[in-house]
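In the two complexes below, subunit A is the common chain; its partner is subunit B in one and subunit C in the other.
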Partner chain A sequence: MLASASDTATASAGPLVPAPFRLLAKRRETADTWTLELEPRHGTPLEFAPGQFTMISRGGCGEVPISISGDPDEPERLVQTVRAVGLATSALCEAEPGEVLSVRGPFGTAWPLEEAEGADVVIVAGGIGLPPLRGAVLRMLAQRERYGRLVLLYGGRAPDQLLFGEQIQQWREQGLEVLITVDSAGPEWIGHVGVVTRLIGRAGLDASRVLAMTCGPEVMMRFVVATLADTGVQSDRIHVSIERNMQCGIGVCGHCQLGPVLVCRDGPVFRYSEVERWMRVREL
Partner chain B sequence: MTDDRVIAREDLDALFDALHRCGYTVVGPTVRDSTIRLAEIAGTRDLPAGVTDEQEAGRYRLAQREDAALFGFNLGPDSLKRWQLPPDRTVWRARRKPDGELTDFSTDARSGPAGMPDRIAYIGARACELHARAILERVLLGGNHPDPELRERADALIVIAVQCGEAGPTCFCASMGAGPKVTSGYDILLTELLDADHHVFIAATGSVRGEELLAEVPTRRAGSEELAAARATPARAAEQIQRKLDADWVKELLYAHLEHPEWESVAQRCLTCGNCTMVCPTCFCTSVEDVTDLTGEQVERRQQWDSCFAVDHSYMHGGGPARQSARSRYRQWMTHKLASWDDQFGTSGCVGCGRCITWCPVGIDITEEAQAIGAVTHGPARATPAKED
Partner chain C sequence: MLTLAQEIAAAEVFAGLAPEYLDLITGCGQNVHFDAGVILQREGDPADVFYLIRRGSVALEVHHPGAEPIRILTEGPGEPVGWSWLFEPYRWHLDARTIQPCSLIALDGACLRGKCEQDPALGYELMRRFARCLVERLEATQFQLLDVYGNARVGV
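Our next item is the complex of A and B:
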């Protein structure tokens, strides 16, 4: 038996053994979505690059990949925004402050924030696709002078499904242009109604200056990419974050394949031109 | 290494004895349930003496040989994968404290649910299996996050390979550059020579461990006729190979034809049972599951073999399975083996062992499917990938 105390377990027992993180606070974002703030019980902060994910679980309830939604300049707080859609995610959302959760990672690739310097950065997010981009927004706003226009195009199903409402106001004040749309809304909604791709035309983009980052349902990203292409943005200037079934996070369980790539290892953030051929094939 | 030696048939048990003295559990082929399985064996009496296997697409039978060859068969459904990556293992076990923290982690390197022993000596590995072992090791341990338990398993393994003297009808190792001749990857290599009054094993060593082991076994220097006969053994197997696959072209061919009508045709026959993935010596997909006791205090994360033919394999919450149709799941398996594996791990995922052909209950043949999609094997002129569908 290879038994070891929990504070040394992760170092000695390999990449499948999680580390303990205490839940400090949780904030309700929508009816089914919570943002969890955690800190490591032992050891050093979890340094990460925006776009990376962790494998997170609440003891015994199954482990899920969740993109880190925190500020990369404040790694001492691990921030994850979780939508309760299944057993493991519901368990995470029901955890109470003080509890200790289990985390592996961070894993995967990051948004190309250096490559984006000097460009007009267009972020297109759908629904729960915004949290994986939040760290990128925070980093770019912290280094606002390095970028051209910063534009967030955000779509949700309905006004009460939109995330980060107050923060988005702050981001506006810090120099982020924001356009929001919902699929459907009641009369009290005075914003845009319709799919997020319709905001692309409204943003008045100079295609030659654009670097785009998009995360959302795969069908949404397909249309986003097509609309950006119609406005003249090259596919190597578009970056997508892809979701697949992931169980290991380290490229050995086989579940997250998309043709030649293992999404957990080679992604989740890809230059679209690298995965375009494979994303176009149905059921690949 | 050292010169080839000769072990008489009646002295081969000394090799088992030497392995046992060194603390190895010997795993090798043995007849169980009318099948040659891999299991712990005590000595040569457990080997399938005088038994051969008759294989065809969807068909496997044992038959009696006219001689008493110990390795006169090709392959059963098991492979070294069972020891490299156990079918069911506890990746960790922990105690859950009242605040939810998991503590007292332990793993099962030596006492997994399958009762995996510490040090394994595998006797009987064929060329295709040695290649498969290397491929699987590259997948599991070649990345940035190697699992120390699997590393330990890999390092503790001793391999006594056996040269194939006959090829089965489902073999196509030659096409995949994985056989039939064993050239590396063994500690000891045995070539069985058998005629009316002569039953010996020519033994070559491929490692220091192998030399040390062989020194424990009574041997004599090999004569030139014996050496010639040993050399002729894999050549004879090579001549018997019937099935072919054009490995040089198959990757681009499959990538160019992801919408080929053959995928629908094979899906009409495929039961999506996953047998091919279970018997494949390189298929590595696993899924994990958390298991707790009734109090929720003891938590275990279990990892089990999974199959890309299972509809849940690609399941995403909110999105359902990425691969719903049988067509897409067969396409995933075959293109992964023969094409995308190369992009993912820098090697083909197929060694041409033919197990997937033999053990498919409806006899689907990966070499036939490749040909149907266009990988004809009569030279590059016809094998050039056709234009995109």
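Our next item is the complex of A and C:
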């Protein structure tokens, strides 16, 4: 059972008080995306469940929700993969090793790894939607015998924008089936080209055994869910990670409301059947 | 290894067709093999042949002078390559290039078109099935045009 956001907040001072984390190392993943490795300056490691996020900031550049992309079995290092899209995320990507960043969390719900035991787990990730699933992949590979097929279907815009290339190769060797596609490519790319939903048909899935987890742009997830449903996967066996603008991260300010749920507190990982209705409302 | 007839019957685009139609389609097909990097058809070529992939994969590319071609779709085993043989003006819209050594079934589209003219029930079946491929392609193109991974706002 997952602890609530307020139980899991980093600092004993409370979930609204950020804790200082030192940037140990940063690795460039693509032109605009970096993986940051941090450690807490004081106190205990940040225990987290795959799928959870932190509220992180650098200086006065704004605090943003970022999923934890690290290994849940190595909580002494906080690993986060950030795509620079605006002020706060660019500031994070520009931070240099040795600098101290502010972190609150971890917050939110986790991927349903226990429920997935015995099932064929299909992970559908698009673009920057892979980092929030990385911890789940690492945990399932560490406990490989508990799961049926483990399949990663990953879509990106172009070959040079795919994340975790070398690591994906290692995951393959550890028993993860991986199909990757890009929206377009030059002649040097010999992999799949086309939308990520086409990989669902190519994966040869037995819908009755599938538990699916998907994360990526919301439009992509809508297409993914529709395609999984067409192949016979029930909507209560599909889990989605939803993004909404956030401020408090702990269910107080109401910024991240989606119908009756608060994404920071009740999500970001939801059973699709629980949010299906609200994800279809255009104004939300 | 499946026979030509079995391979055609197992392909999603032909699955469930009446046996006499499957025989007819098989009669229009022959096995062909290509190395990687071979251009099967070029944009604007008459679409008298289309393919069913047995092994390997084929890319559909847009070429523009002076630049590298852009790969916009790949097709793999069990999937057809080409629908223009069934729709006027019967010309290829894209370049088709093998990206691995490929075993394909080349189907005589011009001959099948003639059979469809003679037998509207066959024509309807094939139109229906290839129209579905077209709808899927259209949806995929819409998805690609949204550029969901590039345009951050779409994700929020």
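General observations
Please note the rule applied: the second predicted complex is superposed on the first by the 271 of 284 C-alpha atoms of A that agree within 3 Å, B and C clash if a C-alpha of one lies under 4 Å from a C-alpha of the other, contacts with A are read in each partner's own complex, and residues count from 1 in each chain.
Please note the rule applied: a contact is a pair of C-beta atoms (placed from the backbone, for glycine too) under 8 Å apart; a residue touches a chain by one contact, two chains touch by 3 or more.
Computed from a predicted model, the values in this text were never measured in an experiment.
Of the two partner chains, subunit B is the only one touched by A:Glu99; subunit C is not. When the two structures are aligned on the shared chain, A:Ser208 is found in touch with neither subunit B nor subunit C. When the shared chain is aligned, subunit B comes close enough to touch A:Pro260, but subunit C does not.
In the superposed model, A:Leu16 makes contact with subunit B only, not with subunit C.
In the superposition on chain A, A:Gly59 contacts subunit B only, with no contact to subunit C. Look at A:Pro217: by the touch rule set out above, it reaches both subunit B and subunit C. When the two complexes are overlaid on their common chain A, residue A:Gln143 makes contact with neither subunit B nor subunit C.
Taking subunit B and subunit C in turn and counting the residues of subunit A each one touches, the greater count comes from B. Shared-chain residue A:Val252: touches subunit B; no touch with subunit C.
In the superposition on chain A, A:Asp183 makes contact with subunit C only, not with subunit B.
Touching of subunit A by both subunit B and subunit C, each in its own complex, is seen for residues 85, 217-218, 243-245.
Interface residues of subunit C, counted against subunit A in their complex, comprise 36, 57, 59, 61, 68-74, 76, 97, 99-100, 140, 143-144, 146-150, 152, 154-156. The residues of subunit A lying in touch with subunit C in their complex are 83, 85, 126-128, 155-157, 161, 181, 183-187, 189-195, 197-198, 202, 216-220, 223, 243-245.
Per the touch definition, subunit B reaches subunit A in the complex via residues 91-92, 94, 96-97, 99-111, 139-140, 143-149, 255, 258-259, 284-292, 296, 299, 301, 303, 306, 308, 313-319, 322-325, 327-328, 331-332, 335-336, 339-340, 342-344.
The touching residues of subunit A, when paired with subunit B in their complex, are 1-6, 9, 12-18, 20, 22, 41, 57-63, 85-86, 89, 95, 98-102, 217-218, 243-245, 247-248, 250-255, 257, 259-262, 265, 281-284.
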